[in-house]
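Pasting the structures here.
Presented sequentially are two complexes of chain A, the first with chain B as partner and the second with chain C.
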Partner chain A sequence: MSLATLLQAHLWTTMGPLFVVGMTAIVVMVLELFLPAASRKFIVLLAALGVVVAGVVLVHTMSVPPELSLDTMVSDGLATVSSMLLLATGLLVLLLHLDVNESEEMPRESSFLLLFALVGALAMVTAVNLVALYIGLELLSVSSYVLVALRKRHRQASVEGSMKYLVMGGIGSAVFLYGVSFIYGLTGQTSLYALAQASLSLWQHDAAIAVIAFLLIVVGLGIKLSLVPFHMWTPDAYEGAPSSVAALISTLSKTATFALALRVLVYIFNGGAHDLFPYIAVLAAITMLAGNWLALTQHNLRRLLAFSSVAQAGYLLIPIALFGTASVREWPDLYDNLLFYLAVYTFLTIGAFAVLHLLEHHRDVTMADGLTGFAKKSPWLAASFIVFLLGLAGMPLTGGFVGKFYIFTSTVQTGVLWLGIVLFATSVLSFFYYFGLIRTMFQSPLPTYGDAAQGQAEGRTPVPVATGIVIALCLFGTVALGVVPGILLHPLALVQWF
Partner chain B sequence: MAFLLWIVLFAPWIGFLATALLPRLSDRMYQAIHIVLQSVALVAVGALWSRFHPASSHYQAVVRLPWFSFPDAWHGANLTIGLNFGIDGLSLGLLSLAAVVLWLIAVSTRVPEGLGKARAMWVQLASFAVFATFTALNIFTFLLAIEVTLFATFFLLLRLSEADSQRTAIKFLLYRGVASVFLIVSLVGFAFSSAATMAEPLTLGYQQLAARAQGVATANAALSAHYSAPQWIFLLLLLGVFIEEAFVPLHNWFPDAIKNADTGTAMLVGGVLTKTGAYALLRFGVGMMPADVKIFTYVLATVGIGNLLYGAFAAWSARDWRRLISFSSISHMGLVLFAIGTMQADAIQGAMFLLVSSGLITSLLLLTTSRVKARTLTLEWRQLSGLAKPLPILSGFLLFGALATLGLPLTSGFIGEFQSFFGGFAVHPTFAFIGLLGLILSAVYSLTAIRKTTFGPFTDRAAAAAYEDARMAEWWPIALLTMLVLFIGIVPYPLGHVFLSAVHRLLPIGG
Partner chain C sequence: MSMLALLVPLFPLLAGVISFFFRRLPGAFHATISVVLLIPSVVFAIVLFLYVHAHPGVVLRQVIPWLVLPSFSIHVGIQVNALTALMLVIVTFVSILVFMFSYGYLRTDERLSIYYSYLNLFVFSMLALVLSPNLLQLYLFWEMVGLCSYLLVGYWFAKPEAARAARKSFVVTRIGDAGLFAGILLLGFAAGTFNDADYSILARHGTLALPWLSEPYLVTLATLLIFIGAVGKSAQLPLHVWLPDAMEGPTPVSALIHAATMVAAGVYLVAREFPLFAESHVTMTVVAYVGAVTALFASLIAITQQDIKRVIAYSTVSQLGYMMLALGIGAYADGVFHLFTHAFFKALLFLAAGSVIHALGGTQDLALMGGLRRKMPITFYTFLAGALALSGIFPFAGFWSKDAILGAAMAKGDWVLYLLGLIAAFCTAFYIFRVVFLTFAGAPRDEDLHAHAHEGGWVMTVPLVILGLFATFAGFINTPWNDDFLSRFLTATKTPKPIPASYSHWPLTSMAISLAVGLCGIGLAAWMYGGGKGFRKVPSAFKPWYALSRNKFYVDEVYSWTVVRGGKLLAALVDLVDRYLIEGLTRLVGLFFYGIGNVLRYTQTGQIQTYGTFALVGLVVFLVVAVFRVGGVF
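== the complex of A and B ==
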């Protein structure tokens, strides 16, 4: 493939953002070698600029009907909408990284690794070929393993989290690949479109092997998505990672992997969906229950957010599980559900991690107890944290409520009501720890004697500009999606998903 | 007329926003904003009374705020979600109760030092949500309002409770959170199930849903059959209602909240929030799932009478006023449940009377006892005795409250109890007969409490001599409540008229 073919228009419709982010990553990588450490800020800003340009390219080249290039990359609704969400996520994470980079004294590799993770994520949502999908998954995963380990200040926890993530993630990739290899062995195809057509006959002739392949793929993706019982790496990785990276692995990889899971599972297994997808429903229920249950006993803020994100993954899995009983006419609805809640979840999680970063860095708070008196000392910051927590708990006037309610209506519509009941019942369970944190913020600090009081920085927590912008954007997103959800619901309804 | 409802709903909402956004005013300023806006809402509710037509069979003063829509929610059609409000007789009655109680909270309860902002903010949010709960015209609005009451009250309990605030608040949140889950699942399930069974568009509006249940022709098609909800939907609703109403054995959150909360929050919880469950049962159970209510009438009667008796016994064995108040409220709600279960027009009207009356009496007692506690520093009977001598005015009001609790004729409780039993004897004579025992017990426990506190010798002469009886500023709100209780008892016609129109709306067939 010569450079000239690269510039062909149809490739840009499917891969434009990918090119731009990829090239930015390479430029940033080279520049970082030459520029002095003092210009870190500039490098991160350059990376953010690349992401913005990619967003412009994406909007500019949007095409209906979808185009398929090289029989591998597609620009259908799922690809376009997920790419938008991923780029927005990438931008927010990079902005947060601007401050984290400085305060954690991260090594220089961090910025371009973030960009490569984004490239991998974009590939995961645009590719319709199993090989390309796998490459995207690995690119995202490998970049994340390294990123988790880059927290210099807390080397031990950081490396421990990274190792666990590496081992478990490696197993996940391998198991996924093993499952995919069965499919390839049976059909000789790697294109999802060809597989979708062969799906029914695959199910009719080789049901036994198809079930094995299905389970392997679900387990593999389950590890990546930190579904219970494959979630063991999650709290350690979150605890060890720099805040911006923790935000990245809890939002960017989730969005990309959910889009990938949706595509792979629905395209390959729609022939046997009715029999196979109930397994996913059970997995979703277990994840919601166990995730919320485990979060109850956590006192470390990071680990608490980790388990809460496990539980949220369970909510997000519901739309995929519903493909088992939904008629094709109801499919777009499930896509809407998933993407809407993913958007809400992204704002909530990045916002929460941004506040958490400030707490950790400026007040040395890692445990929930450290939040005492927070509401009094920094009322605005505390108020934003409360909004994020209320959103995660699914309270009205935040996007969390609309998202959950929307998913719930789908469970009713497709006749899997029990899953909807689990959704709301476990949400009540989650009140306990989300509201527990809020409660702690309003408590007055215990009287301490002598030096014990020195540990807590007194007064208002300073908010750096970039982090302030991230928090403000996330707040805006959370509240806007709760108060005028139509701004996202209606565009989503117009999307031609597949 | 619709603009009046606008005012009712948005006065507290504006108050909430203003309080939340205006930084660093003095506590008095926050309270002033609160009082002004709460008074505006009360006056608007009063004006609604003058414009309300009981004869009309439609919802009145309808306010519609289109909000957003879930695309393709049902067979390719959008599900439009709006905040719709309006009133019928039932709404108006309970809205008035809520407006009065919330106004009294604003004007007459003490604001703890330094918490003026928190209190004004959350009480106003709660009051918006409570008004919205009683006037909602679709399921979404109702559920949203219930959720907002939940977390607004959570913050009130957390910030203002007099004792054990953390545990009380979390307990309240979990119990009522579970209840709201049951309500969400049951009501949304009901909407979908009725749309599926009748092959009609999905709607969340009360009017259309009730029309389907009652076999009235809807806009699209003349219905040949009634829609009746599957039984599990009704059972879920019932579970939600039981928790909201604090029925034994799901009542655990309620006595704690009443005991530990500050007076204002206790009035909100005891006087208003426990009425939302019964409201839901009337609106959705009686109005939309009448067949199920008839099927489960024995369950309602058993639980209702069980609570009537349990509440009465527990109130009898109480050792302090707050506990007595909470269990007597549970006891009254038991009678409400029993009356609703009979599906008799008389009994249901009685149940509505009981709701209003119980809300007023609970608030009256809470307010009076808070004045007493300000002097004696305790409400435990062991340490109280002979209050009639140093505190004649407060003791008088306490006696009146106790008499109203036991349903003395000419007080508001009497009418409700009489009508409930009147309808009850027609359907479940045995249960009604057992329930009468509860009435006797209510006389026993309230009079015992009076005997132990206001009569008898002083336990602590020196302290008692120093007590100063309530001044006008303190007792006028109690006097106002007293007059309301007496007014409803002596001239029940205005409220009864309004309620009767609601009964006819809810029970169009054989009502």
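== the complex of A and C ==
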């Protein structure tokens, strides 16, 4: 079998987008060596173009029935839908990066690293083999560690954040790998399909080791997903990272890791789901509570968004936790819930980071009190920020509400109401800090004198075109998913997830 | 065709958005764009009307799912039937004239762009309300109509009375809205849908019930709740108090509120739910009596008011009472017919009054008017046409519709209702001609104001003349001699209770009586106020009665002493509870959460060693739990 036929037969369907993004990354990497620094914009746009082409390829392969190639890569519903979301995320992040790149004077490596992170993420959602999954996870992680460190203008914080991320991420990878090695030791299998078949017998014969493996895998992924108490690197990394990278690690890596977690945990451990998944439910509850509590006392905007994303990870974990009690008939609903909320969360978070970037760069605002007078000076920008914050809080008419609402209905349907109540209660709690920010935007600035007037003297914040497009798209996504959630829910309901 | 219906409300919305965003442009631009963009709406509304007429019984319906849940789904979209088509014509037609007139009236106002964007939003909301395919969507736009009326009544918000009136209109109608919402939810839960076209069918099959409420009670309760909403919106007793105060807004707004947009919504709602209302005898009786008593009560108040707009405002309350009366006795088509004619002559009366107020530099006091007939002939003759229509004098529009209602009451043999209506008709003729004589006849009572009086230019007189023509001739659309065209149009899809065969002998008798009563009212007004006599001293025997009417039967005072004071007392109590108990608790909770947050914050040391330790401890705790868990694995 020649390479060409192999490509046509299987790999193109399952790995087409991955190839395209990977090739673009290599082209970008090589080009960057030769092109002058002034052509930075061109490089990023080229990268974005690659992502768009990958999207076209993905849409093209959607019409083909799901395939499994090399017993490793698959093009089932979860893979396709997550890839779609990842590519959209990648595109938004690259567009945001266009301006961030400029203003942070980032070294040139940043563009292809972003693409490699995307490749890793795509591998995480398409692979059904533990080794391939792990490689994808590492590719994403390592690219992210470096990307966090690239913020030239805030070198110290940037390197510190990167270092902490690296150490904790390393621990996470190690723990995950340790758990996986138990599974391999017990079954001699790395294919998730084989493991899914062996799941019941694994649970019946080696329950004790299965529990240990399960917990190790959960903790390993928990570190990547910044679940409490494995979340502590999050605020430091977010604070140090350039805005586009912060957006990347809070959306792209979350989507990929959640899809991976869903696949790995459900495939391998569905035999003992009833006993095992309550651990995840507890983890979700702790994460929701602590994440929101921590955000409550935060005044630094980035750290606040970091803790808010910790809390959001808790909400996102609920659908996975519900696999413990859900019947197989209800599984598709949980997939729907997770992917819908991930999509909403992506729009909200990237939008919020885009606004935050403008605030930091053009107004030098890093703390919440710097927001005073924002609503008056830049009403449109402030309005967008308010929409994103309201969405994160879960106000009706934003996608955030619909997403949480559907997750809540699922908790009711699967009989884990207490988790729904925690979701509801902590959402109420989150209103305090989101609305605190909104209130600050409408307050008039305190009378300041001399240098203290930083960030408040200027008038309207200028909005670069690309960033404006990102904000507009995120705004559209947020509101559209809130007002007519059917545009995403109906297609999701038709997806053949597994 | 349904696309056309969708476009009807979108044009004013577009105009409103344009006005809102281009605030710098001059007022003439806003007026022009509002009028021009409303023209296609009027045309489409008329096309729809003709289409529905050509296809009797047709219901155009176009909906898309908005929220789909396992148990039920909510749709949004549009729906056009005969009633809707008629309402579209009324609303767009009156609105366009009001839009025109407004420019003349408010030419110098600085915030004209905001005014027009509110006005357009108002019209959009009303049109969307009329087109709603289900009650939930209707409720949404119902609230938007309320909001717009709040904004427009309080347009001159710097005036304390205007701000107060706006608040009052909002709060009082909210009382009704609460009832309406409860009714909608009740029906929604019972029927499993908000699609109100299904309700009457379900009710007829006896399946409209809840586990704890059986069919007849549920229908009665739900329709009464909905009626409370209509009472609030259409200013019926006892929630009529907001409407006369709402005239604090600019006069064209009053014309819009009183004729086309706001108060018509209540009557429209009852007419729309008529098939369901007809299933409950109790509700129908309540509707009829509330309407009749309101008609009389408000006309008695109007007799003595000294503010020209206030008289007309109470006359609206009274006329709306007639419509409710008609719906309550099952004369569905007659009620809607009166809504139709009333829209024209009431808009006319308000705009003509506006023309007078404009000419006199803003005064609304009848005591300062008089002798304007020669100075403002167009205003005078159009106002006269409106007054004759309101009094129900042949052949003006009001004659046909009001007589149809009284005739229906007579045919039904309900003499109490008939008499209430008849006395109200007498009072109506009297109070409106009292205004006519005091405003236009005799010698001016304030020379200064009179000297400056003038017509307001063509933007103001053209709408007056058009409305004057309609107030004169619109009634011919529905006479016994063209086999009640409008009734046939309306009832092609609806089945009102059959009116006894004996009715066919009644019209002439009834018409003669109504006409005579109306003429008597005018005669009395002429005798008392005609020939420039101005205000008369009230004979001492009548003084208490006069005061009673003058002070609007002290309803506001009663409310102020009971509802408002009671409310304030309750509020004070609740405030105490809130301040010391609830706020204490929230503070405690807040402190608690902040405390925990602070404690958690100390774990965030910034030391990577701590981070690792916490992660490890987390893992160990999980493993320990796994070991010792009930039915543990080891």
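As a convention for this text, the second predicted complex is superposed on the first by the 483 of 498 C-alpha atoms of A that agree within 3 Å, B and C clash if a C-alpha of one lies under 4 Å from a C-alpha of the other, contacts with A are read in each partner's own complex, and residues count from 1 in each chain.
The definition used in the following text is that a contact is a pair of C-beta atoms (placed from the backbone, for glycine too) under 8 Å apart; a residue touches a chain by one contact, two chains touch by 3 or more.
Quick caveat: nothing in here was measured; it's all calculated off a predicted structure.
Novice: Given the alignment on chain A, is it a clash or a fit between chain B and chain C?
Specialist: In the superposition, chain B runs into chain C.
Novice: Scan A:Val175 for contacts with chain B and chain C and give back first, second, both or neither.
Specialist: Second partner only.
Novice: Between chain B and chain C, whom does A:Val484 touch in the aligned arrangement: first, second, both, or neither?
Specialist: A:Val484 contacts both chain B and chain C.
Novice: Just to be sure I read the superposition right, which of the two partners does A:Pro332 touch: chain B = first, chain C = second, or both, or neither?
Specialist: In the superposition, A:Pro332 contacts chain B only.
Novice: With the two structures laid over each other on chain A, which partner does A:Asp99 touch: chain B (first), chain C (second), both, or neither?
Specialist: neither
Novice: Now for A:Asp236: first (chain B), second (chain C), both, or neither, which partner does it touch?
Specialist: Once the two structures are laid over each other on A, A:Asp236 reaches chain C alone.
Novice: Could you say whether A:Ile212 touches chain B, chain C, both of them, or neither, answering first, second, both or neither?
Specialist: Touch partner of A:Ile212: chain C, not chain B.
Novice: First (chain B), second (chain C), both or neither: which does A:Glu32 touch?
Specialist: Neither partner.
Novice: Answer with first, second, both or neither: which of chain B and chain C does A:Val167 touch in the superposed model?
Specialist: Only chain C; A:Val167 stays clear of chain B.
Novice: Could you tell me if A:Trp293 is touching chain B, chain C, both of them or neither one (first, second, both, neither)?
Specialist: Second partner only, chain C.
Novice: Clash with chain B: which of chain C's stretches 225-233, 243-251 or 477-485?
Specialist: Clashing stretch: 225-233.
Novice: Overlap the chain B and chain C contact sets on chain A and report the shared residues.
Specialist: 409, 432, 484-486, 489
Novice: Tell me, which parts of chain A touch chain C in their complex?
Specialist: Contact set of chain A toward chain C: 163-164, 167-168, 171, 175, 207-208, 211-212, 215-216, 218-219, 222-223, 229-230, 232-233, 235-236, 275, 279, 290, 293-297, 409, 429, 432, 484-486, 489.
Novice: Under the stated contact criterion, what part of chain C meets chain A in this complex?
Specialist: It is residues 65-69, 590, 593-594, 596-598, 600-601, 603-604, 606, 608, 610-612, 614-615, 617-619, 622-623, 625-626, 633-634 of chain C that touch chain A.
Novice: Help me check something: in the complex, which residues belonging to chain B touch chain A?
Specialist: Residues of chain B touching chain A: 67-74, 76, 78-79, 144, 147-148, 151, 154, 158-159, 166, 169-170, 173-174, 177-178, 181, 184-185, 188-189, 192.
Novice: Looking at the complex, which residues from chain A come into contact with chain B?
Specialist: 329-330, 332-333, 336, 390, 395-397, 401-402, 406, 408-409, 412-413, 417, 420-421, 424-425, 427-428, 431-432, 435-436, 439, 442, 484-486, 489-490, 492-493
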